[in-house]
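The same chain A turns up in both complexes below, where it pairs with chain B and then with chain C.
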Partner chain A sequence: MSLWKQSVEIARVDLLVESRLGDSLKIILPFAIIALMIFSLAFGSDLISIGNAGPGVFWTIAILFGMQIALRAAALETEPRRDLTALLGLDPAARFLGRSLSASLLLGGFMSVLFAAMLLLFNPVLPTGWLWPVATSLVLSTIGLAMLSTLAGEVTVGLRNRTSLASLIVAPLVIPIVVGASQVREAMDRSSGILIWILLLTTTDLVLLVAGVGLSRPLEEASR
Partner chain B sequence: MQPLVELRSIGVSLGGQPILRDVDLEISAGQSVGIVGPNGSGKTTLLRLIATLVRPSSGVGSVLGEDLSSPAVRVNRRAIGLISHQPSLIDELSLEENLTHFVKLTGFSMEGVDKSFSVVGLEKARHLRVSAASYGMKRRLEVAWLLIAKPQLLLLDEAKSGLDDTAQELIDALVTLTIERGGSVVSVSHNPQHLAGSQFGPVRRLEQGRIQAVT
Partner chain C sequence: MRRVQVLLAVAAAALGYGAYLAFTAPLDVLQGEYTRMINIHVPTLWLAFLAFGITALGSVMYLIRRTARWDRLAASSAEIGVLFAVVGVFTGMVWGQAVWGQAWDWGDARLATTAVMIFVYVAYLVLRQSIADPEKRAKRSAILGIIAVIQVPLVYFSVYLVRTLHQTPSIRPDGATMPTEILVAMLVNVGAFTVLYVALLTGRMYVARLESERASERALAGEAVSNPRLSEIQDV
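And now, the complex of A and B:
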């Protein structure tokens, strides 16, 4: 079976499992929105400060809670299930791609709702023509965070406290994604070019894609 | 003719702890081998070693013609069927969804799915979630999968434990089918009765990581 078909099958089952468990939708998303509300209340009644802080608070919460969503599939995986998929002849690269695909779709939905909530709660002043550049930066950062979290999940296979360790790996490596995504809006405010930041996000995604596909087999074998 | 499994003075250590020591084992095509041993004797590790899921720390060996220490050993994994002591199914999916997931990942034909459900007696339970299925149902589903996969090397880890007579007969039938196809079977259990009968020849005993004797 081709790598692509295996990847799509892995993504399909991950999403099916998530739709039945519903943790991302029922627990993580509402909690993230509550966190946004708490931040907006913590700024008091200064509407300008609240508006200015909105995008920064959004990215902080999006990354911290988004990691939990992206790491869910890896956290649910047991050793017998991993053994079985190895004996089914599953290409580890297909697991990386499939899991990144499902995490990207889940994170995409999560980020969209969270961004809409941020607009409502913080009412930030957005530059003219913000929609497409910001949407592009959201999509690219979502894909990057999904791949980074999936890769961290693979690195920590078989270790105790796997989810916490994976989060520790993701946190420092997510910096180029946060910088790239947040600077797109900043650059628009300053009327300077956004291309360099879009390029940073695209390059980060490509590096993660190559690293994830290339390292998946050695990581799989090293975990045995 | 080269044996399907050949282990020579194999040792396996996990987390710095020796689990298997100086294990010698040879299994030819068409042969079924029973290994009995108490809990913690290394039975599961031995099966995982043969399944190429654990690497040897010492000694030499080959499985399905490939050296255990060579990266090429993984290319034969699809010819190995394993029923582990813990069912390896996805709890949130139905029995049917699990089976079709395995079939889709391997690229086998979906035609065998209905027949397999019928053979293992799960037609009426196929839409049941794994989380709601009994232990026996989960085992039957694993048998259904192996009927489709037709592994050359079948590995059974406490496969009959906790099963009723009918389900145990299904395991026996799977062993017979594998042997008739020219494959090999290794079955491990803490209970010698699970390895009794004509299917398994002399039963070996595994204690403290060593194969002690043929009984």
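And now, the complex of A and C:
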């Protein structure tokens, strides 16, 4: 079985488990939308401030809640399940790729709904032609966050303080993604080029991909 | 231990000379006495970058060689790097309060990204504390030590990427943008702080080796010694 097929199979199983449990859709997404509403209420009746703050609030909530979605797959990984995948001869790199793929798909859906909710609730003024650049930055940041959270989840698997520690690892490391994604819209506002920010996001994703695949074997050893 | 004492003595002498140069160098007209902050701010942040780079190197080498020495190097360097980074950010804030009129400015990308970088390595140190098994701890923290270093180029290039208050490097390929006396004092202090870093690193690695030896002795005693049963004592 090729690496790609193994990865797709792992992603399929992860998504199947998620569709049965449904925590991302039933708990984390509504909670994130409530957080958006709390932010808009906290700004009071200053509609201009609410509109200006919208994209920034979106990224704050998308990152903080998104990492919880991406970390969920590693949280469900039990010791017997890890032993089983190892005994089946599964490539450790396929586990990283598959887990990142499933987390990316879940995060992609989550971020799309959250972005639509932000547009509705905050009514921000967006520059003309914003759709494709913003969509590209959303996709790239989703992939980066998914890979980073997968790595953090693997590093902290089985630890007593796993939930809080994984968040502490992801939150500061996600800064290149936050900077790249938020600057795309700002660059459009200033009518300057967005290429450098897309390049920053792509480079971060590539570095994480290389790190994740390259370190997958020691990761598997360390997590047992 | 003797090597650490010698290194600390050399560091103290170099820092003394660096302080002398810092206090005799001319002052910038606008910054006044705060010009001297550069002699702590630049060396400590340079060493934070170096220390985190050494952590990444130690992590890579641990995964290749699997010897505890490399793990001790990575961990000790991260601890010292956090210390230097905190000092560097603090001195930057003191300088910012005096020159920019505020200690923390969100317009300064370098300041914000450096502060975030500290948290990456705080997470690294917390991860180490969370794992009791030395081998598991070494492997997992080596992985994080490698991933964490991606933050370092972002901090360095932040002044070019984002509109920021922070100035770009003063020492460039086409020459320095500061008077020679200030530059010499700063470079001597960079050297002095580097010797201090090597001394602290050597000392911390020595202590880490003693800690791991004590931990392994404790484990051996724990396996060999058990509480005597009352019935056995009465028989004797």
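Convention: the second predicted complex is superposed on the first by the 223 of 224 C-alpha atoms of A that agree within 3 Å, B and C clash if a C-alpha of one lies under 4 Å from a C-alpha of the other, contacts with A are read in each partner's own complex, and residues count from 1 in each chain.
Rule of thumb we're sticking to: a contact is a pair of C-beta atoms (placed from the backbone, for glycine too) under 8 Å apart; a residue touches a chain by one contact, two chains touch by 3 or more.
As the structure is a prediction and not an experimental result, all values here were calculated from the model.
Judged by the number of chain A residues each one touches, C leads among chain B and chain C. By the touch criterion defined above, A:196 lies against chain C but remains apart from chain B after alignment on the C-alpha atoms of chain A. In the superposition on chain A, A:221 makes contact with both chain B and chain C. By the document's definition of touching, neither partner reaches A:75: not chain B, not chain C.
Contact with chain C, but none with chain B, is seen for A:204 once the two complexes are overlaid on the shared chain.
Using the contact criterion defined above for the overlaid structures, shared-chain residue A:135 touches neither chain B nor chain C, since it reaches no partner.
By the touch criterion stated above, A:171 is placed in contact with chain C alone, chain B being left untouched.
In the superposition on the C-alpha atoms of chain A, the part of chain A touched by chain B in one complex and by chain C in the other spans residues 221.
The residues of chain B lying in touch with chain A in their complex are 48, 51, 53-55, 71, 74, 77-78, 80-82, 84, 86-90, 92-93, 97, 101-102, 104-107. Those residues of chain C that touch chain A in the complex are listed here as 63, 113, 116-117, 119-120, 122-123, 126-127, 130-131, 136, 139-140, 142-144, 146-148, 150-151, 154, 161-162. Within the complex formed with chain B, the residues of chain A that make contact are 1, 5-6, 9-10, 13, 16-17, 20-21, 78, 80-81, 83-90, 221, 224.
Interface residues of chain A, counted against chain C in their complex, comprise 151, 154-156, 159-161, 165, 168-169, 171-173, 175-176, 179, 183, 196, 200, 204, 207-208, 211, 215, 218-219, 221-223.
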